[in-house]
Amino acid sequence: MSDKNLTAVLLLSCPDRVGIVARISHFIFERGGNILDLDEHVDIEENIFFTRISWDMKDFTIPASELEQAFMPLAKEFHAKWDIHFLEEKPKAAIFVSKYAHCLQEILWRYSLGEFNVEIPLIISNHPDLESLAEEYGISYHVFPINKNNKKEQEQKELDLMEEHEIDFIVLARYMQILSSDFVDAYHNRIINIHHSFLPAFIGGNPYEQAYKRGVKIIGATSHYVTEKLDEGPIIEQDVVRISHKDTIEDLKYKGRDLERLVLVQAFNYHCEQRILVYKNKTVVFD
Amino acid sequence: MSDKNLTAVLLLSCPDRVGIVARISHFIFERGGNILDLDEHVDIEENIFFTRISWDMKDFTIPASELEQAFMPLAKEFHAKWDIHFLEEKPKAAIFVSKYAHCLQEILWRYSLGEFNVEIPLIISNHPDLESLAEEYGISYHVFPINKNNKKEQEQKELDLMEEHEIDFIVLARYMQILSSDFVDAYHNRIINIHHSFLPAFIGGNPYEQAYKRGVKIIGATSHYVTEKLDEGPIIEQDVVRISHKDTIEDLKYKGRDLERLVLVQAFNYHCEQRILVYKNKTVVFD
Amino acid sequence: MSDKNLTAVLLLSCPDRVGIVARISHFIFERGGNILDLDEHVDIEENIFFTRISWDMKDFTIPASELEQAFMPLAKEFHAKWDIHFLEEKPKAAIFVSKYAHCLQEILWRYSLGEFNVEIPLIISNHPDLESLAEEYGISYHVFPINKNNKKEQEQKELDLMEEHEIDFIVLARYMQILSSDFVDAYHNRIINIHHSFLPAFIGGNPYEQAYKRGVKIIGATSHYVTEKLDEGPIIEQDVVRISHKDTIEDLKYKGRDLERLVLVQAFNYHCEQRILVYKNKTVVFD
Amino acid sequence: MSDKNLTAVLLLSCPDRVGIVARISHFIFERGGNILDLDEHVDIEENIFFTRISWDMKDFTIPASELEQAFMPLAKEFHAKWDIHFLEEKPKAAIFVSKYAHCLQEILWRYSLGEFNVEIPLIISNHPDLESLAEEYGISYHVFPINKNNKKEQEQKELDLMEEHEIDFIVLARYMQILSSDFVDAYHNRIINIHHSFLPAFIGGNPYEQAYKRGVKIIGATSHYVTEKLDEGPIIEQDVVRISHKDTIEDLKYKGRDLERLVLVQAFNYHCEQRILVYKNKTVVFD
């Protein structure tokens, strides 16, 4: 793809100071970039500046391949953490599933409509159940059964497979296995999970049963990045639905299922479009 | 008030069996009662039947004063827990407050408009701050400062005062003191609290700070009956509002404040209208 | 299916009077029926009583085939409009579609999971586009192209086909053709449509464009029964989603699509379970 | 107030072109301004650029009084419509009311807490009913009874009174009089109304009655700028609440009342903080 057709996206965070927006936007402007979208945020308490800027490379005066190099001095001056991506160079995602189909189905259906700025080269599962669904959409499906004895080696095979396919990030679409620390470290802030509760309520197993037992009047779903601590990673998106005493546990699962798939899809979309910055176990989501 | 103008409300729960609705509605019908509203629910898992039935006493053939006596045999046969109230005999509530005005203000404003089926003879506080607000609405305001040495005796004075005024139930409108077990026992399932989080998330102090730190994308408020375990009583009503990374802790408090007052008012209203049945630390709310 | 396994559902409306609940529940009780669910409502202004009662036929002392006959005298006395269905005798629905897949896909997916109390023997369309989706779920797909010259005869063919399959009701899953009065009359209050706006706002064509142009901050979707007046039939279910100035017309369509399929599915479910009573161009939905 | 303590807010719209953000942020940066917040939006279809930029004047190298003059050339080059305000120079609002107290009460309560960046020197009404509420908060209350004969002259008196008090904008807090075109013109895009429906549904009188009759399942409230066409001005904010067949018209009014006051307060807040740009009968709200 020609540089002319690229859209650059800068995600940057740094200690707050005067002139960051002016300096960065001037950097882009003087090289012929047309800013398409600029969002910024300052965490006053922590004194951290965050921004997401996207621009059109059509009339850019330096090649895309030299952009990072050119931006480096400014980033250093700001002591910034930063990334530049080109939207047209789609990231690659692996979807992990177990037996529940709804999240996978929602993702594949939308993927087939071209909704996500992503490529999905493969689906990984610890069960064979959803293979036919994967086949329907023409995506390769790899089964790695996990038990307590083989977990380490199976995870290594998964990592190898993903490396081979140059996978950028992982989506756990109701994957019912806890990942090891090593695995999580390998994809730090690049594993998106959907937890079927309004976190931090009902961490761990069977959240609908927990919610039913507690007698809440609203249930939720939470999409978050996976960290070593179960269900405690940075939250990307949440949504809720009202319930009542009439609802059985089965009703909660039924109502929650729609939350799960829509919340996961939203978080997935944000990640694909480079809209998320993580800091202090929280997220800035520029929507 | 003449019996003719009364509206009876039966709240009943019992082991489920065939014919309960038929038998009770027949009991009312054969005595000339006109059923205005009938709600019922069965907890299939626990095999418990719940109902709220209200009827017009206009053409009732027995006096209101004999109604309980007349219903007793049926209730016994059903092994029921039950109460009959007449809506026109308004329950009496005491409002407990500390320094935050918004919940008290919301209640008093609506009370002054005649919205609640209740009488509010008195407001109790551990601080003098809201006395002028109470005065504005002509309700007596009693200050009982609490510290760790005087808690027992101060609570006893509060109980004595409430007994004197024949208080039926208590509303904690952001009352910032933990009640003793003895106090809670004295008003079992008759103390309504508003907790400024989406329970069971963020139990205890400073829930907005907790929510901010956890980085949730939605905050909530929960109204529940007070039990011995802090913030673990039966939930009556909850609501939520969306937040984002832009919101500071102050913004959370600002947004949460509207939730708190509206959720508390809703729970208060349900209680005043005898719409709540409690079982197994949960509520059935017939709205 | 043996009578023993049936669940009867009575939907009834009549002028309000004393004793209706008592009389009907007694009718069921004395014949050995176990009431599973009872909802009732009175429109005070119009003085109309509505009820939905379901009961277990396991120990019923008269056969299912004689139930209507047995209930007739009571219904006559009440001057009631009424129906008795058995949930296990599933109604038959025809789905009408054009080119948009999302509503059909949502229905067929859930149908394949056994969620709806319904049978879907056929799908009818004015376009061939969605045939492969129908095939995937093994449901026959019939194309009847419509133009202004052939509308009458094509509709007649559709009606014939549906009669042959004993279709009870119709779901318009984004069917982009206006039905003739004769067609609508043939399925009075038995055609469920999804309109992609928050009715009565944005009646007619291109509601998302209308909403965009008007600059609303919330969009909606509405499921309703079809009547002769376009988009003016009794509303069954509505839902909304927040938008902002950032959203293009395409974004509105994208966000609205999730509303459309979930609102339609909810209305469909209510109808399948005999939960809807229609009067005065409104609905009572016993959920 | 010293220039040092000021916060400047620029609201600007212009034909979109390359470099606007860079040029404006550079303008601020080179004069020592510290950008606190920057939001921008492009209406792609109309090719219009919008921005709201706020900055700290602490180290600004030109006086506040010369800022407009200094910015003028850039604005001209961009063919921009623009305003610069200083947040600390609070705008002045007049509140118009009739007989309903809830919106006024909500505004005055929050105003007394210091929530709004505004001064409210006076309340104007066509009825004396809410005078005591105004007095309670120490704000002067002026009654101008309106009938079809005196409307023109009474409105003139209102305009004179507001001019005398240098009123910047008007809030119609359930003011039950239609304003004349001349009056509306005098405060173009500076009159905020609350309409008690989800516009454009139920324009005009008695929207709750209209909603009840139509049988909607959700009701709403809409805050908008007043234009000559009744209820057709640019929408600032909307919100909704779910209702059911159980709700009477009185219930709709009761539920809607909470929507009305919260939606109006939100729109009021946006206006006070210079967050709204109007174009093509729509709003861009930078929240």
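A, B, C and D label the chains in the order they appear, each numbered from 1.
Going forward, contacts are C-beta pairs under 8 Å (C-beta built on N, C-alpha and C of every residue); 3 or more make two chains touch, one makes a residue touch a chain.
Nothing here was measured: the structure is a model prediction, and the numbers come from that model.
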Ask   = Which chains are shared contacts of subunit A and subunit C?
value = B, D
Request  = Would you mind checking which chain's C-alpha centre is most distant from the centre of subunit A?
outcome  = B
Remark   = Cα centroid separation, subunit B vs subunit C, in Å, comes to 38
Remark   = subunit B and subunit D have mean C-alpha positions lying a whole-number Å distance apart equal to 38
Request  = Just give me the whole-number Å value for how far the CA centre of subunit C lies from that of subunit D.
outcome  = 42
Remark   = Touching two or more other chains in subunit D are residues none
Task = Write out the stretch or stretches of subunit D touching subunit B in their complex.
result = 105, 109, 115, 136, 254, 258, 262
Query = In their shared complex, at which residues does subunit C touch subunit B?
reply = 18-23, 25-26, 28-30, 32, 34-40, 42, 59
Ask   = What part of subunit C is in contact with subunit D in the complex they form?
value = 41, 43-45, 198-202, 214-218, 220, 234-240, 244-246, 248, 280-285
